[in-house]
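Structures follow.
In the two complexes that follow, chain A is the common piece, with chain B as its partner first and chain C second.
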Partner chain A sequence: MVFTWLNIAILAALGLGVAFAGAPLAGSVLLAPRASGGDLRMPYECGMPPHGSPWIRFGINYYFYALLFLAFDVDVLYLFPVAVAYTEHAGWIELVKVCIFLAALGLGVLYFWKKGVFTWPKKIS
Partner chain B sequence: MMALADLQIPGALVRLVVALAALAAFVGVNGMLLVYLERKVAGHIQRRPGPFEVGPHGILQAVADALKLVGKQLVTPNGADWLLFWGAPVVSFMPVFLLFLPIEFGPGLYGLDVNLGLLLILAFAGLNVVALCMAGWGSNNKWALLGAARAVAQSVAYEIPLLLAVLAIAAMAGTLHLGEIVAKQGSWPWQWNVALQPVAFFIYFVCSVAETNRAPFDLPEAESELTAGFHTEYPGMGFGLFFLAEYAEMIVVSAVGATLFLGGWKGPLVDGVWWFLFKIYAWLLVMMWIRWTYPRVRFDQILNLCWKWLIPLALLNLLATFVALAVV
Partner chain C sequence: MTLDFLTADAAAKALFVLYFLAILVGGIMAVAAKSLVKAMLGLIKTLFGVSGMYLLMQAPFVALMQLLIYVGAVSVLIFFAIMLTRGEEEGRPAMGKKILAVLAAAAPAARVGGLLLRHAPMPAGTPVEISLQALGQLLLTDYVLAFEAISLVLFVAMAGAVVLGFERRLSK
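Here is the complex of A and B:
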């Protein structure tokens, strides 16, 4: 059956969250003063007029972290069913399989460590 | 015409509606309470009284703050992306009630009976990262953009040791149902999971501080270097919503932590919801204590702590758990 209470609950909870967040915003629109003009809407940059647009490309140090995270997150997701089923089927073969899986994850960290991803300032060739 | 009694109102629907109404009140009251508590604790740690003017011992300070925030104009900065800018605080707050639903507050006191409760919480908690990203990019402000880049790098990094620590508990309990995890623990502290998994508890605690972007890991809004990070441009209630969402998420991480490691609503002598609330507030007070005690770390330190120490430690801990489960 397509209908489940879980779906309804998720939608209702998210809807309530939006309503709960929207109410004070609506209150602000109704109650707050409406000033305009001058430098009111100027983006804050220590008081000076902004120098260029922030929507630029910048040396993104975090790219490799994002890459590593992606690998880890997908792998960890596979561990959830393993963790739930493990107590019922724990045996040596299963243990070896889990060890291989976790060793691959650990090797990922070691590889990036060796490549210098965790060394600041960046020294990646 | 049908009599009222003949109308079949499903029990799950009643439970859901009551739970959502109760949670709305709980989150609202707790937001107020924690704002007051945070400032009071900060004050006393720094040997000053904290808020004292509004009401006796300043207990109405949070109400005054909320009214003041509502009274501020909602200013959108020039050139900002309106949809991303105003969508961000709403998205940040959106999953809050959902995160509370699977948590069992007391015997039978839960909003939603779902066997994947833990996964549900972990999955929807990730929405906050999206909100920070939207806020940083939509603001048309360089501080906000840098703050958001940091926030994302930090949040995703600390999610992994958190997941690995949680997995160790899930493997021991053999379930992701929060109520069943509580049921498998006893009433006395040595029967709680923390006694069997101290390393996982430690990792979870560090990650819970980092995931909620609190000092000493509050790099995304480090005011000494980034003004206010991702919420630099947010006026009044926009900032207020981020703040409220952060406090709600603090309660969620401490509630999940209390469920997984500290026996949930079970406690010595008399089990019940009071033990759960006591554990949540004890956890929150420790988080506040840490915030006002330790200086902020540098950004490469925070990422390296995670990738070089916590993740290998969490992997080894998980491996040891699997080995122990296979041997026993």
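Here is the complex of A and C:
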């Protein structure tokens, strides 16, 4: 086990994020006027009363955006070290290697475009 | 006031305990939570702890990628899966099912634990950080075929998912 200050930096950033999210909540608990009863627990306090459970199944199509994001995320994982080492090289051959890597992904993007993954119609059913 | 006790080694050990607790508490939360979303929060906590372990093993790149991919993307994917599949609230699982679940969890744990007890891991000494540049150098030279294959495999995975499940939405 090796101690690096990166540990502390990441934990500090995490703490800062928690504080940033928690401070408004704590502030509202401390400062906001208290109220209870009525329609306070409704999703929309001054809207229509909702019908049924809030747990609904929505279209499988949304899942693909998360899936594509994950795949491109994994690509980025490999592009980081290559991008760092890239400047060490002179010549075309490394450019070709990186371009082949990107071409497969580019083909993917083209295919999804053709397939209509990126179009977002007004009405989703 | 002296700070002799606060050596780098002690700090590493304290961080190890912190990450270990994060993994353990997260794991228990993931298994015991009644709500699937809360279980996923426990899983995220575990993934954070694992990322901290990578940091202690002098692999900051792997640690940050663990955060980016697992905490960032995989948990979003799991959240989507929960939202997609979950119907009404289900009742508590039956006792027989619980026993089976414990057995299913214990079998691989016993197997791996037995292996670890029989073949104790060798002390590897202090880990040395491998620079990002060295990794990239290898990806561009010795492992270039693997590097290109990764991109192809990911493309096939994405395209396969879209072929199998994507429905073109009709715009009105």
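Throughout what follows, the second predicted complex is superposed on the first by the 105 of 125 C-alpha atoms of A that agree within 3 Å, B and C clash if a C-alpha of one lies under 4 Å from a C-alpha of the other, contacts with A are read in each partner's own complex, and residues count from 1 in each chain.
By our rule, contacts are C-beta pairs under 8 Å (C-beta built on N, C-alpha and C of every residue); 3 or more make two chains touch, one makes a residue touch a chain.
Computed from a prediction, not measured in an experiment: that's the story for all the values here.
Annotation for the three-chain superposition on chain A: chain B and chain C fit side by side. In the superposition on chain A, A:10 contacts both chain B and chain C.
Our angle of interest has its tip at the CA centre of chain A and reaches the CA centres of chain B and chain C; in the overlay it is 120°, to the nearest 10. In the superposed model, A:48 lies in contact with neither chain B nor chain C. Residue contacts after overlaying the shared chain place A:95 against chain B, while chain C stays out of touching range.
Of the two partner chains placed by the overlay, chain B and chain C both lie in contact with A:76.
When the two structures are aligned on the shared chain, A:113 is found in touch with chain B, with no touch to chain C.
In the superposed model, A:21 lies in contact with chain B only, and not with chain C.
Of the two partner chains placed around the shared chain by superposition, chain B and chain C are both touched by A:62.
Distance between chain B and chain C in the overlay is 5 Å (nearest C-alpha pair, rounded to whole angstrom).
Contacts of chain A with chain B, set against its contacts with chain C after fitting on chain A, overlap at residues 6, 10, 14, 53, 55, 60-62, 66, 68-69, 72-73, 76, 80, 82-86, 88, 94, 102, 105, 112. Residue ranges of chain B in contact with chain A, taken from their complex: 10, 12-13, 16, 20, 23-24, 27-28, 66, 69-80, 86, 89-90, 92-98, 101, 111-112, 114, 119-120, 137, 139-145, 149-150, 152-153, 156-157, 159-160, 163-164, 167, 170-176, 227, 232-233, 236-238, 240-241, 300, 303-304, 307-308, 311-312, 315, 318-319, 322-323, 325-326. Against chain B, the residues of chain A that register as touching in their complex are 5-6, 8-10, 12-14, 16-18, 20-22, 24-25, 27-29, 31-35, 40-46, 50, 53-55, 60-62, 65-66, 68-69, 72-73, 76, 79-80, 82-88, 90-92, 94-95, 98-99, 102, 105-106, 109, 112-113, 118, 120. By the touch criterion given at the top, residues 1-4, 6-7, 10, 14, 53, 55, 57-64, 66-78, 80-86, 88-89, 94, 97, 100-102, 104-105, 107-108, 111-112, 115-117, 119, 121-125 of chain A touch chain C in their complex. For chain C in complex with chain A, the touching residues are 8-9, 11-13, 15-16, 48, 52, 55-58, 60-61, 65, 68-69, 72-74, 76-77, 80-81, 83-89, 126-127, 132-137, 139-140, 144, 147-148, 150-152, 154-155, 157-159, 161-162, 165-172.
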